[in-house]
Amino acid sequence: MAEFKFRHSIQVRYSDIDAQKHVNNTRYSTYIESARLAYLQHLKLWDGKSFLNLGITVADVHISYRKPIYLGQTVIVATRISRLGNKSLQFEYKVQDAENAEICATAETINVAYDFHTEQSIAIPEEWRIVISAYEGFD
Amino acid sequence: MAEFKFRHSIQVRYSDIDAQKHVNNTRYSTYIESARLAYLQHLKLWDGKSFLNLGITVADVHISYRKPIYLGQTVIVATRISRLGNKSLQFEYKVQDAENAEICATAETINVAYDFHTEQSIAIPEEWRIVISAYEGFD
Amino acid sequence: MAEFKFRHSIQVRYSDIDAQKHVNNTRYSTYIESARLAYLQHLKLWDGKSFLNLGITVADVHISYRKPIYLGQTVIVATRISRLGNKSLQFEYKVQDAENAEICATAETINVAYDFHTEQSIAIPEEWRIVISAYEGFD
Amino acid sequence: MAEFKFRHSIQVRYSDIDAQKHVNNTRYSTYIESARLAYLQHLKLWDGKSFLNLGITVADVHISYRKPIYLGQTVIVATRISRLGNKSLQFEYKVQDAENAEICATAETINVAYDFHTEQSIAIPEEWRIVISAYEGFD
């Protein structure tokens, strides 16, 4: 688990820029959300269409801001799952400038396995556990 | 002026999707805004950084919705200036599926030449007139 | 149908402000969307919860911008249905400063009656026709 | 400093709702941002207009989600400054249902004193220190 295997690219939009002329702090959570869902699709744990089958919900978000992001930049969100619990898992993210790899922000989220059909938290499905462990190199 | 020379690509984000499970109608205006600014940068009429030098403001937006856009789609916004007045110009847009070119929406905006330093509308600068006319093939 | 009977109040948020330091043009469509849904709830045509029962989709949006809106302003969106067709209806909106009633924008949308369960456009239900005609004073 | 003295009310908008039919997790950061700026305006530390004089930037955001928020709810963001450092301060927030006071989320942000004119972090101005200490009851 030494490194990030998955990277997701994000175009900055003019509508991400606020009155301070840089990307608004709240958009970073949108960027990592896009990266998280792309990660699940990459591992074929979600099809990108059936929102009732999304499988996880957000319990906790922490973002640490390092450098401002400006219009015209493309950012890469390096994404990994760093911990698998019984009912929850932790994602880690690095938001980096696509050109020079400078870190603009780091973030972690805790996501809870969730059945949107019954609106209840559930244990992480065994299939998820196998696929994620294989991808991230967990024992 | 028969055709669109400029095309801008947009990644759909999860945060663009609303409770109806397709891209929210209000995000289309964000997509065409991104395309409009990319067009100005492509013609070197704006540097993408100096917001006081942006040069135009939005007077009128019209969007006609044809087909829903879903998560996972990439869209292309074909963009052109179709009319140059004294103080205003008109943009036209086609929002198309990047894969099959199906039209998801058409749109037009009227933009007014504007000096954000003095906060006043102005005549379209001669430089803009020359550059745009050459690019779009106006007489 | 001489006047607007329904008014919906909107708080401007910092996240509505763009790099030009006023409310971004694309947020106006968010404001009129909120007003449109509040109108439907006020007439008890939608419960605000069952998104598959929302009953209409957006076919066409036109917004004409008159004055910028700034942080700290509250705006009122005066809203009415101005025309009832077989499968579509037209909304009209005035976005006004809550304090001095100055008009910041006018807008119209065409909305199509839609069954989100079957994903098909439908005729406007007779119940809607009766309720809207009574409220707006149509013959 | 036992309690929250400042409360800011937020209307949920349809555009805050995502495909999971509740307020998207990223909007909570928008809500606390609005509350933070309203707090500064309440203490007359910012005029709500001069964005170069805003005085702080965001270094760190942590949000813990407790209950989903739905369309139709109004939320209250209880807001306080809980710690004043030399160059940074910490805000704490409780996002609560306006009707029954149930806690939907708790959050903290670390904000750095910042001069947007020179684009540099600065020491917290003495005026801020006096006003905030008096309001929050710091020694």
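A, B, C and D label the chains in the order they appear, each numbered from 1.
Keep in mind that, in the parts below, contacts are C-beta pairs under 8 Å (C-beta built on N, C-alpha and C of every residue); 3 or more make two chains touch, one makes a residue touch a chain.
Computed from a predicted structure; not experimentally measured.
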- Task: Compute the centre of every chain as the mean of its C-alpha atoms, then state which one is farthest from the centre of chain D.
- Result: B
- Larger contact count among B-D and A-D belongs to A-D
- Item | Length of the line joining the C-alpha centres of chain B and chain D, rounded to whole Å | 34
- Message: Rounded to a whole Å, what is the gap between the Cα centroids of chain C and chain D?
- Response: 30
- Note on the structure: In whole angstrom, the CA-centroid distance of chain A from chain D equals 24
- Which chain B residues touch at least two other chains? 14-15, 17, 19, 21, 24, 26, 30, 33, 51, 71
- Item | chain C-facing residues of chain B, complex | 19-20, 24-27, 29-30, 33, 51, 54, 57-65, 116
- Touching chain C in the complex, chain D uses residues 10-11, 13-15, 21, 30, 33-34, 37, 41, 48-49, 51, 70-72
- Query: Okay, in this complex, where on chain C does chain A touch?
  - Reply: 14-15, 17-19, 21, 24, 26, 71
